[in-house]
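When the chains are written out, they are named A, B and C in that same order, and each has its own residue count from 1.
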Amino acid sequence: MSDNAVEVKNLTKVFRPGLKKEYVVAVDNLSFEVRAGEVYGLIGPNGSGKSTTMKVVLGLMAANKGSAKVFGLDSGDIRARNEIGFLPENPYFYKHLSGAETLRFYGKLCGMKGRALQDRIAELLQLVELEGAANRRLGGYSKGMLQRIGLAQSLIQNPRLVILDEPTAGVDPVGSRQIRDLILRLRDEGYTVFLCSHLLEQVQEVCDRVGILFEGRMRREGTLDELIAIENQTSMTIENASPELIAEIQNLVRSHEGTRLVEEGHSRTSLESLFIQIAERGREGKS
Amino acid sequence: MPRLVLAVIALAVFGVLRAPLEEDLRERLVAANLLLPPPGQGAFEQMSQSALMGTLGGLRSLVATFLTLNAFEHFSTKSWDDLRANYLIITNLEPRDESHWVAVIWHIGINATANMETDLRLPAFERERRFKEYAFQAIDLAERGLAQLPDSAAIRLQLAEVYREKLKDDCATARVYGEIIGLPEAPSYARRFYGYFMARCPGREEEAYEYLMDLYREGERQHLPTLIKEIKNLEEKLAIPSPQRIPDADPDRPQKMPKTPANVLPGGIVVP
Amino acid sequence: MSDDPPPSTEATPRRTPRAAGKAVPIFSLGRVATIAASTVTQLVRMKTFYFLLAFALVVVAVGNFNIPATPAKELSMIKKVAFGTMDIFAWLFAIVATALLIPKDVEDRTLYTILSKPVRRVEYLLGKLCGVLGVIAVSLVAMYAICALVIYSRESLFVSAEYEAMVASAQYTAAEIEEQLSLIQQQGLRAELGIAVLASFFKAAVVAAVTIFLSTFASSSLFTIIVSILLFLIGHAHHMASSFWLHESENNMAVQMLVKVIKILIPNYQLFSFSEGIVQGEAVVAALVWQMGGLTAGYLVVFLLLSLLVFVDKEF
């Protein structure tokens, strides 16, 4: 069996909107692979073909040309789907079911039952921190809670590969952070994670390798370091530096030929980090 | 959409295959009276749009029932022509429901005619003309009903009442009672009534005398005051010699079958 | 840069990937049952059973008709209205419930999560159909229970009133009283009425299967509902239309062709109205009921296969 969790080869998908004559090429001769055990991020703007690629991998769509394989099995094969856990963008599950019932439903669809299913549900509810809302109907869940129950649902049958489509779309920074932490945890537990996103910062935080898709074609692919490192630039962050030390460093840089100080200033936290700090402090204050 | 085209073709093949099977089933369901044959075209022409939709939508019984309620409304306002029009549709929708036929014959043949006898707003000539018209309409309805339900005793009993009470036609009354005898749901009094009205039908006196005497000889059970009275009348008419005549009726014997008044529906429900 | 703990960005680390899952059966009745059960729960929690209250009101209202008719006639009318209403509720429910379920799953993307599990599309369709049929069956039984209660209470009331009236008049023999009472009982609660309920179920089942087929390619629930109702009406006029138009020589070829096409493509729903005869008191022919059951099963299988033909390659 293949070492790769996902293998997409020369995938082309063409749509004909309505009864019009012209075609829209959503994915154009795309090839890439997701290795078992890694977190792979497919990034690109809206309409770049990310979701279409995912749907082909999931067997929800058929390719016009090329192939998509999951652990060596054709993506349309029912056995391939047993290896996949999928969380769609903004998932809507049956609103009339509670969190636990939702997990039971998807567990049964995967052939699970009895004690094993019960235990798995309890374990996943704990993983996504929804034990308290287990018996509440999904109609009353927040977006972040829905996303987390969605993630739990995708893991119910203990799949080897987890596919996440825009996992943090529309979720507030705290929820987004929780999902990010969950993805890292999944990675540590040996799951292969394949995610699609247009939120670059998030991808940067969790992915081992990244593919950049634009207008249906793969533009760049590689490890994060490979993609974002600027080979001829170096950055340092110094704590408690005196003005004298900074002046000394500036002189030192000037004294070397061909060297130039590009940027200098106080380190800033990101707005996201600031928001999270405030939210967490608020939460601690309450409890 | 080649898949959809393929599905339509498959649907057509299924349609061709099931057609003869369904036609056979339909015929057998109709023969078993479980399915009604299509209503006559006359019914469609007279139906309101909603009734038509209901009938086309497979709700014939429901439409017929609501039209029956509507007919009772016409009965209370004495709108006899509307009532008859309603029942023409009802009987077209449910031709095998005996109660519809009995009800319409009773309404037109008994109630409408009675109304014509008493409605003083109309001139005498018009009342008589309409009286006859309704009576004959009732006979026509009975014939249509019997075409659908040839073994119906109830329709014939209602028809006999029209002949007996309204048209005073003893010969026709006797003929109808005669038809009832031997039918599966014939009441036991039909045999006696056949004899009584035959006795009053000119030209059939001898036949009636023999028939009533046969009944009389069946024993005490048949020695009802009316039977004895009719035999006595015939004995006079036919000048039967005294030794052959029957003894007089026992005046203490209670009358068994009272004559049904016109405002009593079959089953004994009195209409106010 | 953020001041969070530095995220792990090292090149693909050598973590131990998870082991392969268990084998999956190619077709599983368990999965069908899971989808069917979830459909039942969904319909129950959508509070669809409230329509039974409306039905009970209709039947109780009809049970108290005060019309100048014989007891037998009144019972017959109660029965016709009650069973007619039951029939309408059953097929209308079949159309609306079925037309709402699949497009709603597509719209809400619930279908994505279901079909991305090891579930075959045929299992999904079969599960949905079974779920709807289950709810219809339960509703029909409940409606029948309500009807039976009303009919039985009216019947016993009529029988005892008639008996007392006849005995009090002292003019009728025991046999004559018995004859009169049996006239009423004939129109009362009889075991055959259960077969009439079965007939309504057959009809609703075929309607549901046709609606599932429509909803596999229709663009909206509304479209599915309207077309299903239209087909239902046309499917009843089938025989009437063909006997009327196909034998009229002055009708042109186009009309005749249209009638033939309709006859071939649209189910003959009129056949499934055999409950009317049973409700009117006609004797039930067991062989015919079996054959109608067979025909119903045929329709279900064919329409399910047709739905699958369209659905199996459908892209979401």
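What we mean here is this: contacts are C-beta pairs under 8 Å (C-beta built on N, C-alpha and C of every residue); 3 or more make two chains touch, one makes a residue touch a chain.
Predicted model, so just to flag it, every value in this text is computed and none were measured.
Asks: So which chain ends up in the middle if you average the CA atoms?
Replies: C
Asks: Measuring between Cα centroids, which chain is at the maximum distance from subunit B?
Replies: Centre of mass proxy via C-alpha means gives A as farthest from subunit B.
Asks: Measuring from the mean C-alpha position of subunit A to the mean C-alpha position of subunit B, what distance in angstrom results?
Replies: Roughly 82 Å separates the two chain centres.
Asks: Quick check: how many Å separate the C-alpha centres of subunit A and subunit C?
Replies: For subunit A versus subunit C, the centre distance works out to 45 Å.
Asks: Using mean CA coordinates as chain centres, what's the gap between subunit B and subunit C in Å?
Replies: 38
Asks: At least two partner chains per residue is the criterion; list those residues in subunit B.
Replies: none
Asks: Touching two or more other chains, which residues of subunit C qualify?
Replies: Subunit C, residues with two or more chain partners: 313.
Asks: How about subunit A: which of its residues touch subunit C in the complex?
Replies: Per the stated touch rule, the residues are 1, 5, 35-38, 55, 58-62, 71, 78-79, 81-84, 86-88, 90-94, 96-97, 101, 105-106, 108-111, 113, 150, 153-154, 157-160, 163, 184, 187-192, 204-206, 208-209, 223-225, 237, 267, 269-270, 272-273.
Asks: Tell me, which parts of subunit B touch subunit C in their complex?
Replies: Residues of subunit B touching subunit C: 1, 3-4, 6-8, 10-12, 14-16, 18-19, 21-22, 25-26, 28-29, 32-36, 38-39, 41, 53, 56-62, 64-65, 68-69, 72, 75, 94, 96-97, 99, 103, 256-258, 265-269, 271-272.
Asks: Over in the complex, which subunit C residues touch subunit A? Could you list them?
Replies: Interface residues on subunit C, with respect to subunit A: 1-4, 7-26, 28, 30-31, 34-35, 38, 41-42, 45-46, 108-110, 112-120, 313, 315-316.
Asks: Can you list the residues on subunit C that touch subunit B in the complex?
Replies: Going by the criterion above, the answer is residues 65, 67-73, 76-77, 80-81, 83-85, 87-88, 162, 165-166, 171, 180, 183-184, 203, 213, 217, 232-233, 236-237, 239-240, 243-244, 263-265, 268-274, 276-280, 282-285, 288, 291-292, 295, 298, 302, 305-306, 309-310, 313.
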